[in-house]
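Pasting the structures here.
In what comes next, subunit A is part of two complexes: it sits with subunit B in the first one and with subunit C in the second one.
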Partner chain A sequence: MERIKKAFLKDSSVNVLSSFLAVAVGLIVGFVILLISNPSQAAGGFGAILRGGFADMRSMGQVLYIATPIIMTGLSVGFAARTGLFNIGASGQFIMGAYAAILVGVKCSAFLPGITLCIAAMIAAMIAGAVWGSISGMLKAYCNVNEVIACIMMNYIGMYLVNFLIVHTVFDSLRNQSMSVPGNANLPKLGLDLIFRDGNSASSANGGIFVAVIMAVVIYIILEKTTFGFELKACGFNRDAAKYAGINEHRSIVYSMAIAGALAGLGGALLYLAGAGNRIDVVDVLAPEGFNGIPVALLGLNNPIGIIFSGFLIAYLTIGGFNMQLYDFAPQVIEIIIAIIIYFSAFALLLKNYIELWRMRGHRKPAAPEAEEAAT
Partner chain B sequence: MEYIIEMCGVTKEFPGIIANDDITLQLRKGEIHALLGENGAGKSTLMSVLFGLYRPEKGVIKKNGEIVEVSGPNDATRLGIGMVHQHFKLVHNFTVLENIILGVETTKRGVLKMDDARKQVMELSARYGLEVDPDALISDITVGQQQRVEILKMLYRENEILIFDEPTAVLTPQEIEELMKIMKGLVAEGKSILFITHKLNEIKEAADRCTVLRKGRYIGTVEVSDTSKEELSEMMVGRKVSLSVEKEDAKTGDVILKVSGLCVKSKVSGKNVVSDVTFDVRAGEIVCIAGIDGNGQSELVYALSGMMHADSGSVELNGKDITNEKIRNIGLSGMAHIPEDRHKYGLVLDYNLAYNLVLQKYYTPQFEKSGFLKYDEIYRYADELIEKFDIRSGQGARTPARSMSGGNQQKAIIAREIDREPYLLISVQPTRGLDVGAIEYIHARLIEERTKGRAVLMVSLELEEVMNVSDRILVIYEGRLVADVDPKEVTYQELGLYMSGARKGATS
Partner chain C sequence: MSMLYFLIQQTMFFSIPLLIVALGGMFSERSGVINIALEGIMIMGAFSGILFISSYQEALPGQPVLILAVLIAAAAGVLISLTHAYASINMKANQVISGTAINMFAAAFAIYVARMIRTVQQIPFVNQFRIGEVPVMSKIPVIGPMFFQNTYLTTYLGFLILIASALVLYKTRFGLRLRACGEHPQAADSVGINVYKMRYAGVMISGALAGIGGLVFVIPTSTNFNATVSGYGFLALAVLIFGQWRPGRILGSAFFFGFMKAVASSYSGIAVLQDLPIPSNVYKMVPYLSTLIILAFTSRKSMAPKAAGIPYDKGSR
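So, the complex of A and B:
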């Protein structure tokens, strides 16, 4: 056990380091762009990004609120990646889950008492997401359709289907949006809104963040500790060997996608049950939270625990971006800066390899200085 | 200076291991020089140093007596060093010609001038007897022809020093003969060849001199003509190795595997790839299925082990019908399977050794408790198997399977499968690509299992192995069993005739 712990600590320190380096590189490039677009305001604007979520207590609450759904979609993408699948369909699964949560929240509010309404809505969202994910999984497993293609198609089908369903079930025709869920369907605030507030303006922080963190831990345990996770990972690494070992590789793929879908679907529920009055717009736009899950998962190196932190980090930068509006920057520039930082975050894996190389060289005896020189 | 390439006192260390320890390799102009060593002896590392992929801690490389700096593959190419890798580096949907000129295309204002290249390639092909169709796609030609393309690639780049990395591992006996001829032709034309291998027959046949490495150390360089195979293998392994297999007569027991009328249809063509195959395997005997590759051996084994659907016929294991059962149920009924492709089927390369060792058992109560894996037990069990089967790896049970040598990967699979204590052990090409020491070990293990009273069904493409190890030989040709013979009563020539379908024997 001691040895396992040691090895884990060593590897994870490299992982953490590489993720931080990736973000640092992103920030530097972002700063350069700020300098180019508006030199006089660059320092202030950059400061706003850096201060980001720490600007005040309300901002910190907003970080929690924004992080919640992208941690969930990040988990969805990361979990699928660990089992050898690229789930680019988190967007469709997310919106299906969101719709299911709103539907249950609105339609069942009369007869489901207290917290059960909220739980029922979350379960409905997970089921809807799981169904949506498993369709891509089944296409992959039984018809050999590449999951990327299937997922992309399911994103659009999901989006249009939800728009259609909203109009026929929970439509608010004045706003051209879905209805928002009644108050008793919302996630409990658990006092977070009172802690994270700035004077009278409360943040949208709510109990959803705990749900997200708990799900990350659950996924970590499934992947690392259980027989089920062992099978799913074996399938992801080598489908043929998994089959040879008697693992039903078709079923494993479907399960992987169903779980990934359930996670994204729950993400949808956590956003629309947040008590911030969120509604689904009836417009032809794919839910961006689904795609934001991809950099979150990449930056977290597909590790569920890492994904919690990368979710927080990206939420933090997003808040920083809002705060940048105080300075004289076009909103597009802000978007670009955030995008660049996220983009560079994706280099975490690359940097990890470099760090490992560097670490290996550090192990080498100092007897070969000329080799050291030549290698650099 | 008579040496075209010299590597003097090369030392290369990796964390925890000295891969090359003061190694000297001298290649004369116009010779075939064999580099002999077991898996993990440091042959690949030495070649990577020669190609500038690794920088040695000590030692120099000389060409024609002058010290040269090799800091990357481009330098190696400039020095005229070319290599045919064990796994070919070809673009499968390009033609032969396109592959040969890839990277050194002759162009005119950015437009390819294929005609010149074609003329040159055809010239080379005629001169060295390397017949290829320049317009065939790589994916359509045989492995032997692909190798010729690799050789042509080196010749087209005017390389003088040609390195062949285990070139015969993927070839049929006929293709090997052909390759030997080509290699001799190349040195006759003034090229120098470095021939990496662990097959002694080939060294005796083709090489002039031989350098032997063992566990990263330089053992010596000998004239092949003055050295016997036994001496070479002793230099390589470090102890006396019996090249023939010793075993007592089989004491056969009950019928363990009973196959009757088994047919398997190809998914692509719909034709029978295994047709009407009937045979038994008894406890305590090794039955070997011999045949030229692609005559239905693989499909037969897949059908037996549940990995492929049998269209008709039946398979009984220990009296229980297991035809088209689930793979796991077949395993639980007492069949273990050492698959032919250890990377594709046998191992999850990204899992560590311990995980791979429990790949067939992780779900049993020994390793699982209410859905959770018992890690302590997994690692304890892995250490036990590592000890029992002498599996060597850098970090013990925690070594990623990918980083282990081929012989030790195979040992791990054999350990896992034998430890399932099966009634029937199916073993497909268990020694493919392995060195003498590992082959000896694996044969001994299979015979040990058989002597313990297990039934062993082996598939092998190597006649020598078939003749040495088996108690009974079944020959398969175009999906049918054409002979059922006793290895003591049959000659190589006869087997060859059965295998090529020229003769049909009486089968039950």
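So, the complex of A and C:
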């Protein structure tokens, strides 16, 4: 037992090591790009990226604010991936949740006092996201529709549906946006805006980050410590084997997608209830937060706790990108860096194989078969 | 009748890029590599093609510029797809990861380079490629106005690629070997086929076609390129699955989707639809909704390549 534990610990340390290597390569390439495009400003610009979220207290607050929704969509994608499903539909689930939260916030403010309004809005968002996710799940489980195509279609259907519903329920026709929610529907600031500020300009940090972290822990417990989570994972590893073991694999797929949808939907609520003046624009563009969840999940190796850190890392770099504009660089260099980090994190398996080989030479022990599936 | 002609001409603008890109995806997936990077490759192709057009459109006449731009878009697509091939074939990486990385990289790269060399991210170009009437052919009743008026060279390129793809996939030794690598790479290897090489070929063909598709998508629908292909890469992925990884069915699904899209975008010009009390957002939803409903009834038996998404490891034979 002890030996297995040790091997596992080593495996996870290899994962962390390969992630760090990927980050280093990404940053180096980013620096080279800066050097090519403008050598004289490159050092200053790169310094701004590295300082990133630590530039001042306000930037640190913004890191928390930006990390919140992408941690949620990252959890959504990561959770689905652990159960063998590729949830590319987080965008649709996200916007459905956002709409539900705004609807409850605007329409129920008369009879839900204080914080209960905010809680009700979040619950509504989770339900809306779960419904949207479970539709893709049902199509997959009962009609054998590939979940990727179902999710892509549901993204567009959700976007147009939300545009339609906003115009008919909570429309601000002057701005062509949704209405803003009353103050008590917003997430409480918990004093974070007082801590994370730069002089008079407060950051948008709010209690949402705690909700996101708590959800990550809950998902970790579901996946690692419960029979329910084990059944969902078993369906992901091998659907037929799970069925043979007496697990209802159809139901498991629907549950997985519903939970993934609820997470993305809650992400929508956390962004639009952040009290930062966000409203849903009535335009024909898919919510980018949903797609941004994919890199967060990949970088966090689909591990809920890893996803918290990767969400923070991407938010940190994003803030660095904002600050870098002072040096006349387009902030897209950050996305290039993140893309390269993700690309090289895909090589984790190779690194792992080398370490495995090296370990085998040392101990004359066969390689653990888990090494391969952990990387997928 | 003129309404029908207009609808069909519109359908071409939506369907042809979907067709080309989905066929590209087909080559990659039939060789055993899932290509979720289609969106990013489209952006790279469109970006380099449009950049070329905007720089040389005064120096050269319309159609030659277009042909050169298509070649450049294809080359850019091949180049970026090589990174996907390297990660998923040599490095045996998770194929979704490098695809996502390419999607993210392409959009950022197109904006960054455009802003660095032109200070704004939009790249304008003059659309001098529209062919009002194809000589002789446009005079044919019914077919003439449908296919040979208000058209682009790229439309015919799309059909050419379709025919070539079907021939290559089903009538050549290369196509047979490619399909074998996507179904059972171990068996293919045991009879002396180089699986890595075939998969590289599949991914590179998909890169070339997706690059062309990106350019073909932008040219008829816009006069400036804004570093986006509006999710058409993902839609092409959907068309590929809808088309069950087969050229004929891909053609059918691309045109089904394109026609629905054309109706949704020009319904206000159709008297019957205009009078119905249905809001525009519902019309816009119809292409996606109808695809999903059809899939729900027809997906019982999926014909996905069996080895798609699984890195080939010689040791596991």
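Definition applied: the second predicted complex is superposed on the first by the 321 of 376 C-alpha atoms of A that agree within 3 Å, B and C clash if a C-alpha of one lies under 4 Å from a C-alpha of the other, contacts with A are read in each partner's own complex, and residues count from 1 in each chain.
The rule is simple: a contact is a pair of C-beta atoms (placed from the backbone, for glycine too) under 8 Å apart; a residue touches a chain by one contact, two chains touch by 3 or more.
The model shown is predicted, which means the values in this text are computed figures rather than measured ones.
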Which superposed partner A:A234 touches (first subunit B, second subunit C, both, neither): first
Which of subunit B and subunit C A:Y244 touches, first, second, both or neither: first
First (subunit B), second (subunit C), both or neither touched by A:V148: second
Partner touching more residues of subunit A, whether subunit B or subunit C: C
Touched partner set for A:L317, first subunit B, second subunit C, both or neither: neither
Which superposed partner A:K225 touches (first subunit B, second subunit C, both, neither): first
On subunit A, positions contacted by subunit B and by subunit C: 375
Complex contacts: residues of subunit C adjacent to subunit A: 83, 87, 91-94, 96-98, 100-105, 107-109, 111-112, 115-116, 121, 231, 234-235, 237-238, 241-242, 279, 281-282, 284-285, 288-289, 291-292, 295-297, 299-302, 304
Residue ranges of subunit B touching subunit A (in the complex, touch as defined): 13, 15, 55-58, 71, 307, 326-329, 331, 337, 339, 344-351, 355, 359-360, 362-363, 368, 371-373, 375-376, 398
Complex contact set, residues of subunit A against subunit C: 33, 37, 86, 88, 139, 143-146, 148-150, 152-154, 156-157, 160-161, 163-164, 167, 284, 286, 291, 294-295, 298, 330, 332-336, 338-340, 342-343, 345-350, 375-376
Parts of subunit A lying in touch with subunit B, wherever the complex brings them together: 1, 3-4, 7, 225-228, 230, 233-234, 237-238, 240-248, 360, 363-365, 367-368, 371, 374-375
